[in-house]
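Supplied in structure tokens, the structure appears directly below.
Chain nomenclature is as follows: A, B, C and D, assigned in order of appearance, with residue numbering initiated at 1 for each chain independently.
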Amino acid sequence: MNTNPYGFNQYIKDILVGGKSLVVGLWITFKRLCTRIVTVQYPRQKLTMTANFRGHIEAIRFDDTKSHHCVACGLCARTCPSHVIKVQGEKARAGDKKVGTRYYIDFSKCSLCGLCVDVCPEQTITFSKEYELVYYSRWDTVIDIMGRLEGSR
Amino acid sequence: MNITQLPYIKDVYGFLGSDVMSGLVGLLIIAALVPLNVAFLVLVERKVAGHIQLRPGPMEVGPHGILQTLIDAVKLLGKEMVTPSSTDKLLYWLSPIIVVAPAFVGFIPLPFSPLVQIKDVNVGFLLIFSFSSIGVISILMGGWASNNKYSLIGAVRSVAQNVAYEIPLLLATMPIILMTNTFKLGEIAQAQAQSGLWFIFYQPIAAIIFFIATTAETNRAPFDLVEGESELVSGFHTEYTGMRFSLFFLAEYTNMVIAAALFTTFFLGGWHGPVLPGAVWFFAKTYFLLFVVMWIRWTYPRIRFDQLMNFAWKILIPIALVNLFITAIVLKVL
Amino acid sequence: MLTAGQKKLLVELKSSLAESVPEGQISESDYAAKGYHLDVRLQKGGVRRVAQIMLDRRFILETVTAVDFIDSFELVYLYSTYYQQQVRLLVRIRIAKDAQPYSVSAIYPGAIWLEREVYDFFGIRFQEHPDLKRIINPDEADYFPLLKNFGKTKFTDQIDDILC
Amino acid sequence: MLNIKTIDDATISQRVYQLNLGPQHPSTHGVMHLLLTLDGEVVVKIEPIIGYSHRGHEKMAENRIYEQFLPNPARMDYLSGMIFNHGYCMAVEKLCGIEVPRRAEYIRVITSELNRIASHFIGTMDYAMGLGAITPFLWGWDDRENILDLLEMISGSRLTYSYGRFGGVRNDITKEFYDGTRKFIDRLRSRFWDYENLINQNVIFIKRSRDVGVITTEDALAFGVTGPTLRGSGVKYDVRKNEPYSAYPEFKFEIPTRKEGDCLARYQVRMAELEQSINIIEQALDHLPPGPVRAKVPRFVTPPEGDCYVTFESARGAAGFYIVSDGTRVPYRIKVRAPSFSNLFVLTKICPGHFLADIVAIFGSIDVTVPEIDR
């Protein structure tokens, strides 16, 4: 059996091995033709997000104060790489702690990196499971998540 | 036995007149059959491609996406036919028309069943192949006229490819002509029906070469270098939009149907089949072959252009010639 | 810790570098903290001589980069090897703001793009570079972005106090 | 191959025309512009033009404190976001001398290897699609989807994970992730046979890839090529083995290499690396140590003055972070060594003489991500 790559039987062997690989390829696609489809038809069926999913930021409602714990320290606003957070807070009376009243986030620039959630000393903001962050106008994206929590503003 | 000889049709036919009328009726049938056929095939291709790739294919329009191609056609009709300014207007406008014309003519000699055949032209075999080579000129015109480098490369490739694969195609069908010494497709199908043994068993090599050559002739599957998406964007019909683009699409799928129909006529015994009437067998075999062509398309990568040429000139043509030579000797001896 | 092979190679390197670039200071640095074994600080020049030695010992030129120290640039060449013992070498050279160092693209063809990027971001023109033009920024840009006085940085004192 | 040297420059200048492959083209894996000078269908000269997706990561680094730069590495090479994130955290930890607990190191290795498998799926199947086989690409997406779901379970995002923090990782891995990974590995092993026979043995695929775009070891040395592209040319260099970092010394795995250095060799190296990554993940899952996932680290780190260079094995080659710190919270200079940058430049040396269809194949087989080149 001469091993000269350009010998005649090498030529025949190539054709046979080649042909077999083509037929095996067809068999594999046929096997996949009969397997169940795996895609989810998105607008019709929607997937539920996992526990840790990072949707857009929202404030947590605690049961002791029936509202969030934000003290408007501004730490999250400082660590945000894209500077999208604006926090306002006020003190009811001189002595006691500040309470956050307005908490604006511009979701068109927020990169959902999660640095603000980690750095918040009061652990009062977290990620929602919402992934459809689409708005009709650029100004709709600036949301006051405190207002949304109380549902008043 | 032509459709006109049947008793109850004869008097109606008498009224309709001579062969010219039957030709006209036949062309009307083709004009209805071909677009419907293409619509069905486009849908089947997208469904087959989908299920091979573990996704359901079009599901939105109509139950299980049946009306998808219809809506596509309406969409393409609605789309504006953009003509880029720097194109060669006449050739650009003419090319889609010339690509569709031979596709329709190819249906005339096809023997759907002993009764149903538009016209059993006595040179049916030559008619189909000569008209199919006109399609190449239109691809060249389209590619050259749209003044786009990708289209030009695609067009030049398609000419070389069609020329290279026309020869093995004809050489592969020559043994059939030798065996039945007639060009009339009806008689070829008839010969297989009488002998009961399909020609594929006599000529397996010719069948394989014919199948490969027709896949290359219609720019399908591993030979679709003419509109190789990942290299030439989409080859010669890059600049075509709207109805013109769908005409190219129509022509491609019609050529595919004619190629499959020819394969069934030459090798799979045309309308010959045990129980069911002729036409059902013919369409069953043709559509099975079309499924195989689609199946191949979604399995293999694309051949490079020089390998395409080597494959035709150095492998297909020698084998086809040897096969023809052996058939001639065997027929002489018997 | 350094293996025996690495120690031997380092000694060899130090000797060959010392006699080819006498005025350079070659100091061994702690790999665990710094990430490179040898820190070569060149004074006047010799970048190409070092590059030639490195090529002869089959090192690859990992990166060419520059650091803008307001009054001068520091060109940093990083060599590492994968043929013999794993060793990484950092060669630095302090050049004036308008100096034109020699390009090592004759020795390492890969440096053509690396030096084009340094020119694109710092404006350091390399002599004998085959085609020194911008690589990433638009060709008609007249600014060099990574300079410290470009845009808002600590040194342009327009920076708001939010950061540090 | 047409021998370019025989055509002298005079005739070349007449018959040659320029073709823009990109920036908007189906097979450029991102916004890459290859300016080809073609003589008929044979490439005479190729010049990659980059910069279309340049966002100035290195300039951003000079305006942000170390923590704020954490989301950026994943956006440089978005296909190996976890690996780059891991690399950046390692660089700052080395600078500040932070000690990372063993469990965090193991989790980092597991997530990096999962990310490497996902990235190699894109690399290999995108290469197959460049040759015209569209079906394997979608099968690759199907397998990759499982990995993305797994990583989403723990990090919360599918592509731009900011999972690493200085001193460890953001949160621990869940039981669901643990079982999910086991199940994923078994399913993936059963699928290797399909990929092997549909692509690797396919005669058309072999004909299109054998002896196309051969990179010799000399070229690789001169151009600084690293990663699977280098291992395809026979050099056994993998940062995980040559300069072991993180928890890699504790795992047994080989470095697959091929000698031919052509497109097929690179494809086979990447497919073999999938199996090695699976071995690593299994060993890491078996010996996952208990303990904290994050060391005690001040809220904003302030590294001492000085510089350091950390290299790590991304899916495309030896990436690296060179950080110069001036003692404040803001890095003075961060230079990112992008492996795709050098891998791409070798194209100018090996492409002349090939056909147009081969250029798409070679470009696909080098597997670059464009944002990593433009940074």
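Keep in mind that, in the parts below, contacts are C-beta pairs under 8 Å (C-beta built on N, C-alpha and C of every residue); 3 or more make two chains touch, one makes a residue touch a chain.
As the structure is a prediction and not an experimental result, all values here were calculated from the model.
*Asks:* Just tell me the minimum hop count from chain A to chain D, counting one hop per pair of touching chains.
*Replies:* Minimum number of steps from chain A to chain D: 1.
*Asks:* Identify the chain whose mean C-alpha position lies nearest to the mean of all protein C-alpha atoms shown.
*Replies:* Closest to the centre of all protein C-alpha atoms: chain D.
*Asks:* Would you mind telling me which chain pair, B-D or A-B, is linked by more contacting C-beta pairs?
*Replies:* B-D
*Asks:* In whole angstrom, what separates the CA-based centres of chain B and chain D?
*Replies:* So the centroids are 45 Å from each other.
*Asks:* Report, in whole Å, the distance between the mean C-alpha point of chain B and the mean C-alpha point of chain C.
*Replies:* Those two chain centres are 63 Å apart.
*Asks:* Between chain A and chain C, what is the separation of their C-alpha centroids in Å?
*Replies:* Roughly 39 Å, centre to centre.
*Asks:* What whole-Å value do you get for the distance between chain A and chain B if each is reduced to the mean of its CA atoms?
*Replies:* 49
*Asks:* By the touch rule stated above, which residues of chain B touch at least two different other chains?
*Replies:* Residues 52-55, 298-300 of chain B touch two or more partner chains.
*Asks:* Would you mind listing the residues of chain D that make contact with two or more other chains?
*Replies:* Within chain D, the residues that touch at least two other chains are 64-65, 135, 139, 142, 198, 202, 204.
*Asks:* Counting only residues that touch at least two other chains, what does the list for chain A look like?
*Replies:* 22, 25, 28-29, 32, 38
*Asks:* Would you pull the chain A residues touching chain B in the complex into a rising list?
*Replies:* 22, 25-26, 28-30, 32-33, 35-39, 41
*Asks:* In the complex of these two chains, what residues of chain D are touching chain A?
*Replies:* Touching chain A: residues 64-65, 67-72, 135, 139, 142, 145, 149, 152-157, 160, 162, 165, 170-171, 174, 194, 197-198, 201-204, 299 of chain D.
*Asks:* Could you pull out which chain B residues touch chain A in their complex?
*Replies:* 48, 50-56, 59, 295-296, 298-300
*Asks:* If we count contacts the way the header does, which residues on chain C are in touch with chain D in the complex?
*Replies:* Residues 32-36, 55, 58, 60-63, 65, 67-68, 76, 78, 80, 82-83, 86, 88, 90, 108-110, 112-114, 117, 121, 134-138, 145-146, 148, 150-154, 159, 163-164 of chain C touch chain D in their complex.
*Asks:* Would you pull the chain D residues touching chain C in the complex into a rising list?
*Replies:* Residues 50-51, 54, 56, 58-59, 62-65, 94, 97, 221-224, 226, 235, 237, 242-243, 306-311, 318, 320, 322, 324, 328-330, 332-333, 335, 337, 341-342, 345-346, 349, 374-375 of chain D touch chain C in their complex.
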